[in-house]
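Just so it is clear, A, B, C and D label the chains in written order, and each chain counts residues from 1 on its own.
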Amino acid sequence: MSVRTPDPYPGWLSNEDLHEARQRLPMLYVEAVPVRLDSLGYVTEIGLLLQASDEGEMVRTFVSGRVMYRETVRAALLRHLEKDLGPLAFPQLPASPVPFTVAEYFPSPSETGLTDDRQHAVALAYVIPVTGECNPRQDALELSWMTPEDALSHAVQSEFIGGRGNLLRQALAHAGWCR
Amino acid sequence: MSVRTPDPYPGWLSNEDLHEARQRLPMLYVEAVPVRLDSLGYVTEIGLLLQASDEGEMVRTFVSGRVMYRETVRAALLRHLEKDLGPLAFPQLPASPVPFTVAEYFPSPSETGLTDDRQHAVALAYVIPVTGECNPRQDALELSWMTPEDALSHAVQSEFIGGRGNLLRQALAHAGWCR
Amino acid sequence: MSVRTPDPYPGWLSNEDLHEARQRLPMLYVEAVPVRLDSLGYVTEIGLLLQASDEGEMVRTFVSGRVMYRETVRAALLRHLEKDLGPLAFPQLPASPVPFTVAEYFPSPSETGLTDDRQHAVALAYVIPVTGECNPRQDALELSWMTPEDALSHAVQSEFIGGRGNLLRQALAHAGWCR
Amino acid sequence: MSVRTPDPYPGWLSNEDLHEARQRLPMLYVEAVPVRLDSLGYVTEIGLLLQASDEGEMVRTFVSGRVMYRETVRAALLRHLEKDLGPLAFPQLPASPVPFTVAEYFPSPSETGLTDDRQHAVALAYVIPVTGECNPRQDALELSWMTPEDALSHAVQSEFIGGRGNLLRQALAHAGWCR
């Protein structure tokens, strides 16, 4: 590790080093549940991404991604929202940096109930109101907007993996959604 | 109302006046979900009171009660915890006054999904760890400690009225309970 | 109180009854600190109202007002924001009903450090991003937008009464403002 | 990095690798402000550690440390509390995993106002009530308990480095400390 040519991007990890770091350190993530709000702030719709998992299965996910070296949590959140929802989504980042929960994904089952085969990831999770038009990026097949009721239905809950269906329940509970 | 003899307890309402105020003003409440925590802070048990409703039905409730005139929210919370759980419960009031949710009960159905026939009540709701021994007061038949799984079961959920079963879900979501 | 003609507005209090209720019950309020956010959610400006106090003194205040009988907290918040900032302010009500703090005002000094000569008021306090144009209502002389630094300066802090300057500090701390 | 003998502790980083990771990835930390609470939950005292900085200067710090690979945030919090305050401190971990703030330390000045020469660290910060006796570990010279007023005094604030004095203000604001 000591003998190597100068690194042109010293703040970033090669794929190989990232792979290794993932076996050794918790990775810091941000996770966002995009929502539409009415004028009183009640959640009317939730945006869920439909993506192919590594096993080729279609799964529901949230906006999610790593916090890079020297990047603020807010900048990471905005970067991933723009990447996943497109440049016209107009996400409204919150005044407070406090997440609605801290989601801890482990490579094997744990107290948290959340799993991620690739790594130990700790995600700061936010509910993010979105006011503009959303165009999901290419590797997401679809962005679906659905009511809280539909998002909590058995059909949709069965499309989440790694325990993310519960994260959605936590997001809605945080929003005072109570039925 | 203007012609009356001097009120010996000017800070308190007569039953008649309280009845009238309940038709005119939102009443401020505190509500507490008592829990047992393990050393890491995970919720192991939830304390639910079993009480007779006005209709004589047995229902599950939380610790709950009014904030009195000139009483702080914290003092009201401690007073109701001691009244409902007994003097040896040793409830641990939180450092922060911020509730996990604001529960709005209305005399008729509303957006909030929470109802209370008697009044419009707004309850600041807290999850309160309890370390001592609990002896419920006389008008509560029983205090039951149960696991989060059992508290969320259909059987127990059906024993709540006024939407309080959802409040329990919100309390557990706030505690990061995720399954 | 028992002998009176039918009340045409049974859900509302006469001025006389409101005066009396204020001597007997805690009044439920909402309080909002209007802010401008940049695209990352950082607070760039805070909106402070300048009003004449009952003593004719010019004082700084936030958007504030009572929650009415059968009114949700969110509806009260929106009503007072529109009343104080005008119909084009476009306040963004939060997805979560949880306030950044619970501000307890008492008619005499207390642990909370907040006072209100007229009553015991308990305010659910929110930081509310505003994106439109604000035109304060007539009884407010002015709405001033200022940076967090200026709002926390001694000059501006001395224009608050009843301990509200500390509420502003709590609002900024909640927003992660850290300097 | 690819050719190396099998690692006997695959989940942990060598000092050299940790040094390198610190140049490439945000490090996940937990940070705890130990407090004494009265029976109503009001903060009566704050525990501050006095330590020698790398430059030999005496500085005030909080309980703080890394989250290890495959360790939960709660386990990391308890481990660092026990390490820094001793085995008899009896810290009360919160039911909720939500921190009072997310503190972002950068190796150079940034929007957050928090700095750490060694690394980009993101700390989940908690206010932790402590009920037992505290004996700081050997490399901390002293644990001082002081009132909120004293902790916010200019003298004590000047003993913090890296912006941590503001973190204390945020912790007290979160606790509703309002003066």
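One rule holds in what follows: a contact is a pair of C-beta atoms (placed from the backbone, for glycine too) under 8 Å apart; a residue touches a chain by one contact, two chains touch by 3 or more.
Chain labels with UniProt names: A, B, C, D = NUDIX hydrolase family protein.
The shown structure was predicted, so the numbers you read here are calculated from the model rather than taken from an experiment.
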| item | value |
| --- | --- |
| Result of counting contacting C-beta pairs for A-D and A-B, higher pair | A-D |
| Listed pair (B-C, C-D or A-C) duplicating the B-D contact set, over half by residue number | A-C |
| Approximate Å spacing (C-alpha centroids) for the pair chain A, chain D | 26 |
| Rounded Å distance, chain A centre to chain B centre (Cα mean) | 34 |
| Junction residues of chain B, two or more chains touched | 40, 42, 72, 97-98, 100-102, 111-112, 174, 176 |
| Complex contact set, residues of chain A against chain D | 1-2, 10-13, 16-17, 20-21, 23-28, 67-73, 97-102, 104, 106-107, 110-112, 120, 122, 124 |
| In the complex, chain C residues that touch chain D | 40, 42, 101-102, 111-114, 163, 166-167, 169-170, 173-174, 176, 178-179 |
| Contacting residues of chain C [partner chain A, same complex] | 35, 37, 39-43, 72, 74-75, 78, 92-98, 100, 127, 129, 174-176 |
